[in-house]
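Chain nomenclature is as follows: A, B, C and D, assigned in order of appearance, with residue numbering initiated at 1 for each chain independently.
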């Protein structure tokens, strides 16, 4: 059948024609605003970030220490049991070098982002963050890194209270 | 359930955010012709299904009932009757409107369907289901090819 | 697993895939649906129910867009619902069609997928910023390509895979797409072209990525009794599978898609497949990025972990190879209107197993095919196994 | 044919605001109680999980990403149905009927209090080309529908107000309900006109909450519980999404969904065979319109039945004994599942002060809200076939 069909439907238009208003369109920007309840686990996590610390939850059944923290262990399906501080150091599990900003703008100086397995959390438990004070050529898998915090007065209780992770002195 | 809860109301925390992108919707195949006629000639166009005879206003590319492709265009009347109406007293933010808005489903004469639009030049108390109304267009130079090219429907004798 | 009723695909339809199409979403859905009905020789009144797959509302720019699209999907005054598993939706929607019929509730079902990403303007990338956790991810300026680059890099690192090997996928799929009448980015390119293309987020370069697209696809499904009255060449859905991994993507090792394996095992068990590489004749794994084809071949157990690049180098995955992979041209070549792209893969397997794929036909009378899609935060696998 | 039963239910209860928990913690709470009620371990015993949600209710694109962990579904089989939880129940029913699945969990929730711009989001569901550019508060669609319904059936605003009074009163006996209270018909009629003839108190207030249910095939259900509630029929349907060609006076989707569910359940005379019904009442007139669409009476009679007290809890046909959406709260995609929950509790004789005596067969029905013309129906019974 596929071979028998001569013309497939669809009327293509050029992006440039859309940009220049040559194709009639209706424009809209929705108002879609939210104030998400942060909840038990993440409220504490954000509060501790403001204090310059990273906190995790531990499940006593499987023994895992979980960041970001949650009030449930997804593998054992039970409540997690206790709060545990983990270190603000860790190793690079994987990284990428971005020439694209979040809004798809082209960057001259790339942003380096990584998954960082935190010391004190269970094996493989990491968080996402930026790397800084490092040349892109110097980043390596397994590299030791350490959080660079904003000064206490600038912290707001957000993941951005950590500016980035930089190579740790060995 | 969680082994810990938040008991102190000061400790409940919210995180603000949004999902607001810009959108640009093409009129589509049927819509493009409809809006062109509305804008340039102040005509209300519909499409007719050859199979079931249904005349769609607003026009469609296809018959939703029998799935025929609709390529027969017909000009519809500017007049119709109020099939149902409502008087809105609040705006989208829930604030009381100074002037209430009268919304109506207007069944256009001799076709199926019609338009959901505003009524004008009438007091809310005088609106009745079954009332005859007519589309009032903006001036040609103000028309942009949108539903707003019709200002509202007004009563006719 | 005992399944009550065997379910067949009896018709398929597809629109062009393009960066921008003029049709509205429902008009696109109509075009694909109409073609699928026509190809099965059926009318809308022959259809008992409809299932729709479409990815985030933030593309088309309509809240509850399944409701808006329903007339285009042929669902006027019929049982109709929408399933949604991110990028996995295109294959998953056929799985949902399968259970509508396999349950015995319905004898015929339309399966429709639509995406009009171009409504999000100037670029659909903006919509992607809303797929991330607002507390731990969005404040860091998340970009979709960042996280896939993280996954690709991890995969390359664990197995010692080179970019040259991965680029072969892009070269193959874009070339396969030259034979696809709906394709958006068919091209004859070389490995060097891929390696020299603009670096977006290392290791991801411009030619490693599929485009954003508008498009729609549709299938007609029928129960065994009804299918045999409609066609002499039904293609059977013998296995369906789906699986999701944890939301906490930074707590997982991204080098291997365990959730794809879990979904594949579900589908293989249902289809009675014991040795996938031997029993699968043609496969359409999800390839929004070139490395994903390799990643998914491994997750689908079509080869061992880390072995897919070698198979690709050896030409095994070419259309005339032992295990043709993405003979359609895949998302890299045909385009990526998310849910429609996944369903396009099932259309391709349908045509391949009926011997109707024309210039794209893989040789040797393929009897068993597979399609797979991937979605959410690198955590969803959906799989379908089909036989002629 | 393979029978399907509800074997476990869990619910957080409904509240106008839940600032102390995240949506994940809310879902976890309902899931734990549902699995406990069913006596199952989700990590082992549930063959597939179904989550029911729409992205803009949550503030996330692809909300499916954010659900597996708190439901026990990591590296297991889960998917999202973009619809009310009642569609999720129908989907679970189909999956079990295929023979390939024995146990399914269905989840639906509302964290409506997280949404700051609720009406703007409803407006974002209007057709972007033909309806949305006209602006306005989108509930005008309900005003249009109510006016036509009253016109065609000769039902009155007073009769609609009776629905509000009844449902808010019923909710007083429901510990899960957020909006129970004692008011009079005059209170409803005196409330501000929003979209004439629709007034403020004709409209369901929003609520947060989560419902999780476990469904099982007959053989598994009999092992798990002594009080299975059998799903005897499901139906769902849609009229046109176009405002311009839909039937403004009737709920066509309810009529067609009911026909499907009744046929499956073998129900010939709903009024005689169904003991209680949880019916969509997002707006007061919807309850009347849907009672008629469900064939409990002829068109134009539902208002009179309500005035006569037939739909009170002690009446001949109790409608919304839970308090309905007007009394419990409109909980987005959890609305239908809240209705199934009430019917299940009634059929298990666990409805406390709300218990309808000798209830054997019940019905739940839901509408997907403005601007849709879609909805679903389920017929449940505590007697097996």
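Heads up, the rule we're going with is that contacts are C-beta pairs under 8 Å (C-beta built on N, C-alpha and C of every residue); 3 or more make two chains touch, one makes a residue touch a chain.
Everything numeric here is computed off the predicted structure, so don't read it as measured data.
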Hey, how far apart are subunit B and subunit C in touch steps, shortest way?
1
Between subunit A and subunit C, which partner chains are common?
B, D
Greatest separation from subunit D - chain, by CA centre:
A
Between chain pairs A-B and B-D, which one is joined by a greater number of C-beta pairs in contact?
B-D
Chain centre separation in whole Å, for subunit B relative to subunit A (CA means)
42
When the centre of a chain is set as the mean of its C-alpha atoms, what distance in Å lies between subunit B and subunit D?
28
Cα centroid separation, subunit A vs subunit D, in Å, comes to 37
Distance between subunit C and subunit D based on Cα centroids, please, to the nearest Å.
33
Among all residues of subunit C, those touching at least two other chains are 20-24, 58, 61, 63, 71, 76, 118-119, 121-122, 126-127, 130, 134-135, 246, 248
Multi-partner residues in subunit B (2 or more other chains touched) are 1-2, 5-6, 12, 14-15, 17-19, 21-29, 31-32, 64, 146
Which residues does subunit D have that touch at least 2 chains other than itself?
19-21, 25, 28, 55-56, 59-61, 68-69, 74, 120-121, 123-124, 128-129, 133, 240, 242
Looking at which chains touch which, would you call it a line, ring, star, complete or other?
complete
Inside the complex, what are the residues of subunit B that reach subunit C?
15, 17, 19, 21-32, 60-62, 64-67, 69
Considering the complex alone, what residue numbers of subunit A touch subunit C?
1-5, 8-15, 18-19, 23, 28, 30, 34, 36, 38, 42, 46, 66-68, 70, 74, 93-104, 110-111, 113-115, 124-130, 136, 141, 158-160
Considering only the defined contacts, which subunit C positions touch subunit D in the complex?
1-5, 24, 55-58, 61-64, 66-71, 75-86, 92, 96, 99-100, 102-105, 119, 127-128, 130-131, 133-134, 241-248, 258-259, 262-263, 266, 270, 375-377, 379-380
Which bits of subunit B are touching subunit A when the two form their complex?
1-6, 11-27, 29, 32, 35-36, 145-146
Contacts from subunit D onto subunit B in the complex sit at residues 19-21, 25, 28-29, 32-33, 55-56, 59-61, 119-120, 123, 128-131, 133-140, 142-148, 151, 192-198, 240, 242-245, 248-249
